[in-house]
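The two complexes that follow have chain A in common; it is paired with chain B in the first and with chain C in the second.
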Partner chain A sequence: MEHLAYVAFGIYTLIILTGGLMAVLCRSMVRALVGLILTLFGVAGCYLLMAAPFIALMQILIYVGAVSILILFAIMLTRAPAGAEEAPYIFPWRSLAALAVAFLPLAVIGGMIRSGQVAPLVPPEEVPLAELGQTLIEPYLLAFELISVILTVAMAGAVILGFERRIGK
Partner chain B sequence: MEPITDGAMLSPWEPGVFSLVLFGLLVLAFIGFQLFIAHWVGERKESREKSRVYESGVIPTGTARLQFPVPFYMVAIFFLLFDVEGVFIFAWAVVFRDLGWTGWFQMVFFIIVLLVGLAYIWVKGGLDWRESHRPK
Partner chain C sequence: MNGITHLEMYQFVSLMLLGLGLFGLVRRRSLVGMLISVELMLNGAGLSIVASGQLTPASAAMGQLATLFVMGLAAAEVALILAIIIVVSRRFGHIESNNLRTMRG
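Right, the complex of A and B next:
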């Protein structure tokens, strides 16, 4: 059945790359966002492949469900005024720079693979969700409680930023 | 209700995924078949009314490229934050019987801190939609 995992990996990689290209190449912001969402779905698939279904589902719930909506609202908030056109497609320099940046991680990872030992592919073992919850509550209690503090601070920050904008108007 | 303990259900390393792939293919084939039949058999008549954005709905006026008000964004941020909170509560809820009262109190503290944040945005008017209720 391992072949199926390879097929799945290929499909997920294709989804990620297609979405990424869409996000970079589309001139319409909303279409680029759709590409980003596609990429996030592909990443969720990769989590599934790494035997982390909980993380995969949370990826869909949080990134696909909430973060992308947040970005969509950001686009709609800052939308160019009616009649304005999107920036024209500029080929030469920006595309080259983008390509260079895209190949940088490839070079780093390739160098690491060439120089170091690569771990053999073994079917990953799934950590049960119950174990995850127990680990969060027992050994990592302080970090866990700090998460709630971070979320509270984020809420307060959103309120302050949102209101400052309105007062300044 | 018993929690699902068979972790292989969603794993592509196990044969269980075959039925999922088959199911997905069948769904895609079914949708394609429906669309094809509708396209092939169906009669197409163009009319002004049909080409409206909302057929038989509210007649749109002006451009759709308007700026949305900030409260939409605020609601989206709060939704995101409580979404993340829900994830952690979910991880705790799976084992809350094993963790006992200690785990319960720890989670209560977690939620109380977040309730403080909720109270803050409530008092500050982050949940109000109308401009008149905004703080000065």
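Right, the complex of A and C next:
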């Protein structure tokens, strides 16, 4: 059973890595989006492995169901040239700079993870939904209300931005 | 598993997502590509929070709900950025971040 978990973790990690590389390296935006969706499914698998099925479900519902569709709309509505491809890179400077930018935090945080004092580990346990709801309305009440305000404001802002041209005329 | 704990394994996966996101954010030239990279980073953050909540004595429910908030914020952020991208592409005809140089009201 223990080994099966390691195998599943390895498979999910492989899915996440493949999808992430597709998301940052593919020149076609649609393929990059497919890579992102692959990564989202891999992360959902990791949540399942950590006995958090509710979060895994929310990950698929919110990210795969809503966020990726919104990004697809962004690709479609910008009327990008066929296939929404980025221009090819003439000089590798940009990739080199990106590698440098990504490497520094990786090295620092990776070193901290390896050397830091880790709290005693407990085997993951599934949290019943009722307890999640109770936490949402007791310690997290303010955050819960604030996030609904933020979502409303973001939605209203998006609509206003979208209508901006028509108001200006 | 030569000394590497489960928590560290998950943290390294989320660190990998952070690195990929940063790499893509600097490398990409279109706004949509940068948006995809930001989503990668946010996913890494969520994975890290849930791992910390589930695998240590810290409250698991609070960890899971914090990740739910991250997801809600990501959804709000994507909706706003979609609107911004549409406005930019209407005004400039493209979404290459290198060539977005003018700022006019």
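Following the convention adopted for this analysis, the second predicted complex is superposed on the first by the 142 of 169 C-alpha atoms of A that agree within 3 Å, B and C clash if a C-alpha of one lies under 4 Å from a C-alpha of the other, contacts with A are read in each partner's own complex, and residues count from 1 in each chain.
Definition applied: a contact is a pair of C-beta atoms (placed from the backbone, for glycine too) under 8 Å apart; a residue touches a chain by one contact, two chains touch by 3 or more.
Remember, it's a predicted structure, so these values are computed and weren't measured experimentally.
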When chain B and chain C are modelled together on chain A, clash or fit: fit
Which superposed partner A:162 touches (first chain B, second chain C, both, neither): both
First, second, both or neither for A:48, with chain B first and chain C second: first
Of chain B and chain C, the chain that contacts the larger number of chain A residues: C
Which superposed partner A:66 touches (first chain B, second chain C, both, neither): both
Touched partner set for A:132, first chain B, second chain C, both or neither: both
Chain B versus chain C as contact partner of A:15, first or second or both or neither: neither
Touched partner set for A:74, first chain B, second chain C, both or neither: both
First, second, both or neither for A:143, with chain B first and chain C second: second
Partner chain in contact with A:37 - chain B first, chain C second, else both or neither: neither
Contacts of A:154 with chain B and chain C, given as first, second, both or neither: both
Nearest-approach distance, in Å, of chain C Cα atoms to those of chain B in the combined model: 5
Shared chain A contacts, counted only where both chain B and chain C touch the same residue: 51, 54, 58, 62, 66-67, 70, 73-74, 77-80, 124, 132, 134, 136, 147, 151, 153-155, 158-159, 162, 165
Residue numbers on chain C that touch chain A, as the complex places them: 1, 5-13, 15-33, 35-37, 39-40, 43, 46-47, 50-51, 54-62, 64-65, 67-69, 71-87, 89-90, 94-96
Chain A-touching residues of chain B, taken from the complex the two chains share: 3, 5, 7-8, 10-15, 17-18, 63, 65-68, 70, 72-74, 76-81, 83-85, 87-88, 91-96, 98-99, 103, 106-107, 109-111, 113-114, 116-118, 120-121, 124-126, 134-135
Chain A residues touching chain C - in the complex, by the definition given at the top: 6, 9, 13, 16-17, 20-21, 23-24, 29, 32-33, 36, 39-40, 43, 46-47, 50-52, 54-55, 58-59, 62-63, 66-67, 70-71, 73-75, 77-80, 84, 86-87, 94-95, 97-99, 101-103, 105-106, 109-110, 113-114, 118-122, 124-125, 127, 131-132, 134-136, 139-140, 143, 147, 150-151, 153-155, 157-159, 161-162, 164-165
Residues of chain A touching chain B in the complex: 1-2, 4-5, 8, 48-49, 51, 53-54, 56, 58, 61-62, 65-67, 69-70, 73-74, 76-82, 123-124, 126, 128-130, 132-134, 136-138, 141, 144-145, 147-149, 151-156, 158-159, 162-163, 165-166
